[in-house]
């Protein structure tokens, strides 16, 4: 393989730049030409493709977002779109791809390979940590720390006013951000999609807090929670408690996607970027590079897409014990 | 004056602890006994009052929230409530009060003085910077930096996706947090209650951005903005732009109230706490300690309550110039 | 087991408070009485021991340092000191100990068990990550992120002035902090005690940087590096390069020990605190709770003390590739 | 004036990029062509000069360091060097300069004007806050907050071990960073060059701390302190105290120069950049733009260079009172 390209696709995540840097520097190290594609499949279709050197990725390891930009491309979902993309890939003489993104990205890459035989190796770039085939995804550790910093700040106010806060964090269908930021933030309760948490249980925990004269309580709600959004959860709680509650709702929102990546995310991203590149060089295709138990592993896209990623029972148990 | 008390009231603000510390240490330094009242006027009514020493305020200068806790008391608005409060104040032999809070707090203190002759000197503790009589209030600088950090993170995502973000920040009727975080965050537009900003102007600015191929745009909206909340502003914008926009709305919310205070807030809070205490010792009453042009000044509560605090024309002009 | 005690010993590390909280809350959850011992073995000897409740550990999960304070006790190294300590342990009816610290702490606990039969389970609390028996120690992730934040700041100046910086980070005999902060910070070179790095190699890397017209270079030196301190390394470099270099040396120092713990450290600390407690309840003794490959494991003190903890070859290789 | 240039010179300071951005965007707004000069006077001599547009300064407001890079030029101190510089300035048709830097920079600009009549307006860019003619310099607020964050971290360790820390902060001949970070960090003592502080007084304060059983003490020493460096101060203290002290020394070093600028620094830098540009447009020359009492003012270079900037007596008094 003499010439490859790298792109980011789907929602951006902190650490994507560190991953791009590892792909580019790794390619330079191994004597391979490397191109960047802007805005994922959109740029592939439009030929927004440019050669990258070691310099192209100087001083980006610490930046959030992605210098290659990201987008979701409807056109790539059509045969015509993929034909245009293939034309560009051929025009630039690109023999293989490193795709940094999530399952939507990997689904596109799989179809593209089936149709045109261009191999792709993926790196898991998403704050949600919802990908089978790796313990953690790029951006997750930063998102958890951002959520945690917010919870710490809100705890200041909650304590000062003896207030209950219902805090919604990101994660789509996954409760990982919620459970980790909840444990680290000392939340009294964490509601995740993976586990059924009846509102009555939340109410009981809050009432026990009153009895033990806790000065404040924090409930962290994952955005995919089946009981609804933080606002809906708060309303359901209100209906089940007679006394007047000083309860506030806050949704952390988009701050969780950005920011300077943590050390963990930069190292993971570097390792996965290099792993994806070297996998591609060694003939891997339609697989995602991941780190499981500190070992680099490659998992077929069909498994990362199909298989669920359960949340640790241990963590769920810890929330209960630590909030006594 | 041999014995005074200090309390925090209204919304909590970062730096309140540094202010409490200055009042307590200042009192110790001047040989005056000092008491803390918990939960503002609520604690005054309930006698939740305790003696403080130099040790009571060790290691709190860096903490958000308020160790004396805060609350809004409806009971203190009644003559009966104030009678109970006075009973407690007498019981503890307290001769003067330092109140850290905003206009609600100062209004209560004024009535209390009229009825019972207990003098209060105030310190401006609110993130909103909406108090006449001081250039900045305690907590404002921290809130601006918290909002700014959030804007920086959101900019990462906005740039990565060529997106427009409408970000709502706190400030109640004041546009100070919006204008300062907007300028510092490089916002393309800032909407504040003090100035009429027609939606058409916002739309024009955004369209000019497209023309100059800005990759992203950020509009900061103060919560008191007359065009409505960030969500409402976004909807109005959508209606005036034909092409499909990738526009997102985010409301920063309660994270702006908490957090580790900045150096500025700790120093300002220390200075105002000491200033309030020494004012009280020197016979001041019904006044708020403030810092104007780096000088300590005392402003009557009736003025801090009555007079508006206009936003600087210079800052408004800067937003326009810097977003070209 | 009905009554246990917890203490911190040796250098403090961020996350120790989260660990103490987990031990205390876990004990409350399991219906066991729990005591805190101040200043490690010093407080054990002096009887500085007090009962803890769920409330004792409220609002500490986010604080650096240790609320139980820490110290190194020379007296406990003597039979007389341990006899006094045992007297106090008996007086308070304590049947088992959770010790948060490093190898010095565990050595003491082993001797104490041999003499008096009081079982101890340890939790690895040290920023250095130099303990066999756990992938990471409590405080390490925070220390790496603190070092990284410093490197990021220094990179700003290095780039602005086209300068070489030699930065010394902590870690005693271990290169873990150096290697992780170096990779994450984009260092051109990392010097660790585990690997021989001749100065000539450093000089070559720096010279190659000039050739590729890198605008700045950063060399991270572990404090245990056999070539000497950062200052000594800088001097050796100067002697081997003819041209005049704009080279600066900075030693990060004690800031690496403190600070708000990261999410990772709080979760790890909580898990290990609970694990140590439940190990003790289940009859474990003279072992350290650790997490290896995401599983809780107990390793005998004699192994944590005796066995080396090698640094990953993968990480060393990454530094080289990523700095091309 | 139709064409101007901007450059940064001397030590870099956080906020310089925000200042460059304001100069460039202001010029675009006013219809003036604007050029950037790299590495200060060095680039002026070498013709390292390039046209800047609104885009050139996108997404830099939040970055530390200076995108124009900085250097100290010995050659510009010679008539030959300045002749070369003038040649380049003429070649590019540049009619006026905005110089972001300190007194060294302004001295050079004054001589250059005397010889060649090219007018310069300065903006005060230095973390040291040692310039007469402005309340605060660009970078100072960030440096104080960086020093403060370090002090907060060190306090965690100091408290955990009942230790004394002697911390050296930057500031050259000025005690501003020391006094502000010291007050905000709750230091027991601050030693600044502006005030004679006999070691005996430091020792007395520390001893009083022991008597009041303070668990830790922090002494902040400005780098220009006449009693010597932090290490020398620590040694002098040791000699005057009989009992064994657990005392540590740490020098914060270069981290104080870099980092993401605070809101305050970005706003101040924007205002001063715009002020310098508009001053230049209005015929000002050999003056520095500053903000005093929230008003934009221009002060002749000869005064900024000649006149001292005393430290506030109020602040010095506050250290003493707040450490009781």
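So that you can tell them apart, the chains are marked A, B, C and D in the order they are listed, and the count of residues begins at 1 in each.
Operating definition for what follows: a residue touches a chain if its C-beta (ideal position, glycine included) is under 8 Å from a C-beta of that chain, and two chains touch if they have at least 3 such contacts.
Keep in mind the model is a prediction, meaning the values are calculated, not measured.
Participant: Tell me, please, which chain's centre (mean of its C-alpha atoms) is farthest from the centre of chain B?
Facilitator: C
Participant: Can you work out the whole-Å distance between the CA centroids of chain A and chain C?
Facilitator: Centre-to-centre distance between chain A and chain C: 28 Å.
Participant: Taking the mean of the C-alpha atoms as each chain's centre, how many Å separate chain C from chain D?
Facilitator: So the centroids are 35 Å from each other.
Participant: Approximately how many whole Å separate the CA-defined centres of chain B and chain C?
Facilitator: 39
Participant: Quick check: what residues of chain A touch more than one other chain, meaning two or more?
Facilitator: If we look for residues of chain A contacting two or more partner chains, we find 152, 155, 159, 215.
Participant: Give the pairs of chains that touch; include all such pairs.
Facilitator: Here the touching pairs of chains are A-B, A-C, B-D, C-D.
Participant: Considering only the defined contacts, which chain C positions touch chain A in the complex?
Facilitator: 18, 21-22, 25-26, 28-29, 54-55, 58-59, 61-62, 135, 141, 144-145, 148, 152, 155, 159, 180-181, 183-186, 212, 214-215, 260, 262-264, 266-267, 270-271, 274, 293-294, 296, 312, 314-315, 318, 321-324
Participant: Over in the complex, which chain B residues touch chain A? Could you list them?
Facilitator: Touching chain A: residues 8, 12, 14, 39, 63-66, 69-71, 146, 150, 152-157, 159-162, 165, 215, 248, 250-255, 257-259 of chain B.
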